[in-house]
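Two complexes come next, and they have one chain in common, chain A, joined by chain B in the first and chain C in the second.
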Partner chain A sequence: MQKPGGQLTMLLVINSALLVAGALISGGSFLSVFNLQSMASQVPEIGLLAIGVMLAMCAGNGGIDLSGIALANLSGVLSAVIVSSFLSTADSGTAFSLAFIAGALVIGLAGGVINGLLISRLNITPILCTLGTQMAFMGLAVVVSGGKAVMVGSPALLSGIGNDMIAEVPISFLIFVLAASVVAALVKFTPFGLWLMLMGTNPKAAVYAGFPKNGVIVATYAMSGVLSGIAGIIVAARNVNVKFDYGSSYLLIAILIAVMAGVKPEGGYGRVVCVVLSAIALQLMSSLLNFSGLSNFVRDFAWGALLLTFLAIGRYDIAGFLSPDRRSQNPSVPVPQAPK
Partner chain B sequence: MKSFSKKLLAGTAVATVVLVGSIGTLVAQEKPVIATVVKISGIPWFDRMNTGVVAYQEANPDVVATQSGPATADSAQQLQIVNDLVAKGVNALAVVPMDPAVLEGTFQRAMERGIIVVTHEADNQVNTNADVEAFDNADYGAALNERLAECMGKEGKWTTFVGSLGSRTHLQWVGAGEENAKKYVGMELVDPNNESFDDANGTYEKAKEILRKHPDIKGFQTSAGNDVLGVGRAIDEAGLSGKVCLVGTGLPNPSADLLESGAITAIGFWDPQKAGMAMNAVAKLLLEKKEVTAGMDLGVAGYNKVSVKQGAGKGLLILGNGMVLADKATYKEHLF
Partner chain C sequence: MNASRTDELDSAAGPTRSFNFGDLVRRRPETITLLLLVAICTSVAIANPAFLQPSTLIDIGRASVVMGLFALGVFIILAAGGIDVSFTAIAAFAMYSMTVLVQNYLPNLPIAAVIVMATLGGAALGIVNGLLVHHLKVPSLIVTIGTQYLFRGFLLSFIGTVWIMSLPPQMGAFGRMPLFQIEADNGALITLPFYFLVLPVAAGLTWWILNRTLMGRAIFAVGGNADIASRLGYSLRTVHVFLFGYAGALAGLAGIIHVCANRQANPFDLVGTEINVIAAVVLGGARITGGTGTVLGTILGVLLIVVINSVLVMVGIPSTWQRLVVGSFILLAAAFFVTRQRRK
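== the complex of A and B ==
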């Protein structure tokens, strides 16, 4: 049904523009295979969290997931602490890796389910609920780790996830793309996806139509939690260590990515492919600024400018001008038109 | 056609801003590049370090020395900068890690690519060619605490601040301070290791809480560069200047007012400018495949006769003798 929308076109244009700008500025080295790989392996952490935020936003009713990075850290820290209590990295690398991965996924899932249950059963506003669980997850991670970094080490399997390539593409990036595809497929082709979007558009109507509202909310936050768990695994695999306060700036960046991707903060619309492209755009811009040796404060400015640009595009439907035949891609929410 | 031009306009607007802004910095560089990465940019401590990097660049035109750092105090942001610099292909990295553990993986990859890694304030860094410290951390922490004990009359409640629980040097200093305080039975440590995140305002709020919770507190030992400012302001506003002792790491210029008012008893520091120069000097020596040996003169004040030990990993641990303790009477000798 949905054709590639204006937002997708915009994101593709911006990504290409950034790549061209990078090539010009660096005299080509920005497009070197090594740098492309380096950037690709930096995207997954934040990209996975942004998809989680997107899912929560789509659920409507002020849905948002602020606990993403805290849960990712908790997954890594708690799983590392538990697994290393009965397995050692050196003696049984593969068993350690598998147990660590399973542990992180289970903890991510559990954290997500807790969020979902609190929001659906106790009717707590998502922003308050996930703010609370964010602090709880972070606090728990501090307690189990004693505030120190927890060593995961680099057993072959984990080190492979963090450092190796398949066909010149970093494995962590492939995992990210795979996870994104699974979420995209779930949203697009299953009743869950339809319920999620319709419920986000009009929660009241969804209740009267007999949607399994609680089930959908729990499933949504559970998915977001699992994505955090995957992010935690990738952080551990790349950095060898996990720590409770890693990526404290990711919280707002993940929301920025989701909004830039055209996810509607009021719920009911969001596309995974746009979130992926939006995460890549932010990575390109950030690497570009590091390449050109500009201050990181410029990066914050540039991100803000990018976000405002996207909001302006949404507001005045510039994207609609770009592809007039696709203007009716999202009939459920009227798009404000610029005055003639 | 109109829509096509709009598309171009909107799509490239932001990229153009970036492009125009950075064209000035583009030079094809043949000389070896030493990239200094600090914990966070835009704070006095690392601004001072930047003057060292600039001075080093002027004195050594045969290398390219630059400094950068994240805008927010987050180890993940610093990690990204280091990753990008590795991808860019710098010859040497001189890093002040926000969190040494988080950077291990990236440093390992950098060293595998033949990049020289020099660190500072991270004597537990495994994957580094050399870690440069201004002094022995235990000596410094003990010296700060000795000054604090002297001011407190060797008795009373005291507490400690660290930048974050991940800042290893900070924990070493307060740890050595705690050891030192054990000499004096009257000194009682309360609520230790408060995290300041090197944010003067946050520290100010936290110090006010502590002053309310322990009205009889006598001393603060702080660690991050901005902590003395926050705690000092809280002491000053409470009218406790001269009654509550405050000894911590700080820079003379920003601390001047509070030193004068008596809110800060004494500041301890090493000159980040010299540390920046020393890191770059070591990086250059290693780039030239020269060895750093005990007793060597790095050509930087406070690093004229370094001691060299085996570091936490395969790398070296290079200790200078750059400790300075300054109070109201002496800080003017070190204005920066």
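== the complex of A and C ==
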């Protein structure tokens, strides 16, 4: 069932092509260390959410996680409100940072577990469930913050996560890569990963094979929730403030990244490394368009066109035509109108 | 002819669980929505009698037109087992490009032609959706995310980003045209605008299509089980193109009404409200996996959302709670529908 690295090769080619194009257009300044750093620090938030979407999609049965960005904002907002009620940024910066990070992770985990329980125990369709929790999470963030931005401040540790570099690489990007590697390892080397993919391929067979179906679903959405929590921390670290409606376009972009990465919306296949590369490609493209002086709206237009192109590539196996040796191994199974 | 069609439908629906239980309790989902709506209205009216003033009711009616048109489009797609998030982009596209067109090139175009052209434009964009959904064979959620970006990006990069504050006169006049007027206690004149009529007409048309035409049968059959429907000879392509085209047409219509009602054309409007609309349709009892739902339920769902959004403040609940309340309602409704399904 493992698809060979056609998608991976293609994403690598696209990334390199974008870098070369950027260098040509900007006369080299696109590849300057500063620009690369600034691009790298913009990828993590959306990349983490996209990995969450990937996991949910892999679980199959119409799995999708629409609550990612809402949960990320909720983690940031709620954690900031709770922690600042007994700690102040000024007096104890490190304690505040640690408590904030722990809080955000726990809230992300809790939100993900709620999603997972609602989907597995109550059998609510994932899209409907995460639509509801998306509103509920966002609503809760509005309620606890009164609809205003919540000040997190910039204690040393947090602002370090948001702005500092280790060996010229932004820390937030390293966190992103680390989180992605952990998820990738979990998916690739543990029984959980195998269950997840097989369940996505054929849920009914998975049940008869005795997989712990509910456990796998809860674990999947819990992981997605934790990733949202990490995204919430990075958002807070980069922006000093957290607000309930931050990144409202991320909901759709995260899905876009996952689909561009070749994750099958009907379940059963997805690779973390492809999601990472596709998030980077999207960032490169959007910076490139900025460099060439085009507006953000052209970028939106290009993203839409890109997503549809990728869908067409997946559908008609154009990647297979380009590399003939892989052609037979990647049949595009016609999926008759998955219930979505 | 009629009998054979019914047989065909029964065999299409028989093997799927969704249709059987739909037959059993077809009328129940929107009853719950209605009860919820009545309960909310009653408690609000008790807590704050100002709610029952004609001005509040007319406000609610006015606020539900655009959302109601969107919801009808989403509902008909949902009934066939798909989902659409690009309708707001279609509406924004239709309304803004139409306004620009009228203002700059066709200043004397009668309002009827404006409305028809916006509707047709919306239908054309919808048909693009339908063809993509059919030929790419991926969940329509993902296709329409792509087209949402495509349409909106095209609108903002190539047509314009300027907020048009002064509409062409015929459009402004249409927005003000009264259906009837009431004098309030304080002497202010309250108007139910003429464009309100569009919603009942569109709802009636949608009901007719779904319940009185072969296309309606095909839509529910495809929503019940697309595979079986296609083996029975329904053309999935025709159904998809019709569905998305119809939803696009409703979105274009909603867009132009939105402009006339607000007396300004903001290209950044509307996009971002799609989740609310889908929530309304789901609260109205349409299952997100397709095959069920009624027009009446959809309208009730829209009223529920509009009422929640506009009256929470009147009973002293801060407006910050709106989203949490709506989100909880969705989860409750979803859980309720699922348990009902299990009981069967």
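Keep in mind that, in the parts below, the second predicted complex is superposed on the first by the 316 of 340 C-alpha atoms of A that agree within 3 Å, B and C clash if a C-alpha of one lies under 4 Å from a C-alpha of the other, contacts with A are read in each partner's own complex, and residues count from 1 in each chain.
In this section, contacts are C-beta pairs under 8 Å (C-beta built on N, C-alpha and C of every residue); 3 or more make two chains touch, one makes a residue touch a chain.
In this text, all values refer to a predicted model and were calculated from it rather than measured experimentally.
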| request: Record, for the superposition on chain A, whether partners chain B and chain C clash or fit. | output: clash
| query | So, A:Leu49: does it touch chain B (first), chain C (second), both, or neither? | reply | neither
| request: Could you look at A:Leu256 and tell me whether it touches chain B, chain C, both or neither (first, second, both, neither)? | output: second
| said: Quick one: is A:Ile64 in contact with chain B, with chain C, with both, or with neither? Answer first, second, both or neither. | reply: second
| task | Tell me which partner A:Leu277 touches in the superposition: chain B (first), chain C (second), both or neither. | result | neither
| said: For A:Phe297 in the superposed arrangement: first (chain B), second (chain C), both or neither? | reply: both
| field | Touched partner set for A:Pro265, first chain B, second chain C, both or neither | value | second
| Looking at the overlay, what does A:Val218 touch: chain B (first), chain C (second), both, or neither? | neither
| request: Please work out whether A:Leu140 is in contact with chain B alone, chain C alone, both, or neither, and reply first, second, both or neither. | output: second
| query | Which holds for A:Asn241: it touches chain B only (first), chain C only (second), both, or neither? | reply | first
| field | Against chain C, colliding segment of chain B, chosen among 3-11, 111-119 or 237-245 | value | 237-245
| Interface residues of chain A shared between complexes with chain B and chain C | 142, 147, 248, 294-295, 297-300, 302, 305
| remark: As the complex stands, chain B meets chain A at residues 3, 6-7, 10-19, 21-23, 25-26, 28, 41-42, 66, 68-72, 74-77, 79-81, 83-89, 99, 101-106, 108-109, 164-166
| request: Show which residues of chain A lie in contact with chain B when the two form their complex. | output: 9-10, 13-14, 16-18, 20-21, 24-27, 29, 32, 34-35, 37-39, 41-42, 45, 142, 147-149, 151, 154, 162-163, 238-241, 243, 245-250, 285-300, 302, 305-306, 309, 313, 318, 321-322, 324
| remark: Contacts from chain A onto chain C in the complex sit at residues 62, 64, 118, 122-125, 127-129, 131-140, 142-143, 146-147, 248, 252, 255-256, 259, 265-266, 294-295, 297-305, 307-308, 311-312, 314-315, 334-340
| field | Residue ranges of chain C touching chain A (in the complex, touch as defined) | value | 81-83, 85, 132, 135-143, 145-157, 161, 222, 226-227, 230, 236, 272, 275, 278-279, 282, 288-290, 320-328, 330-331, 334-335, 338-339, 342
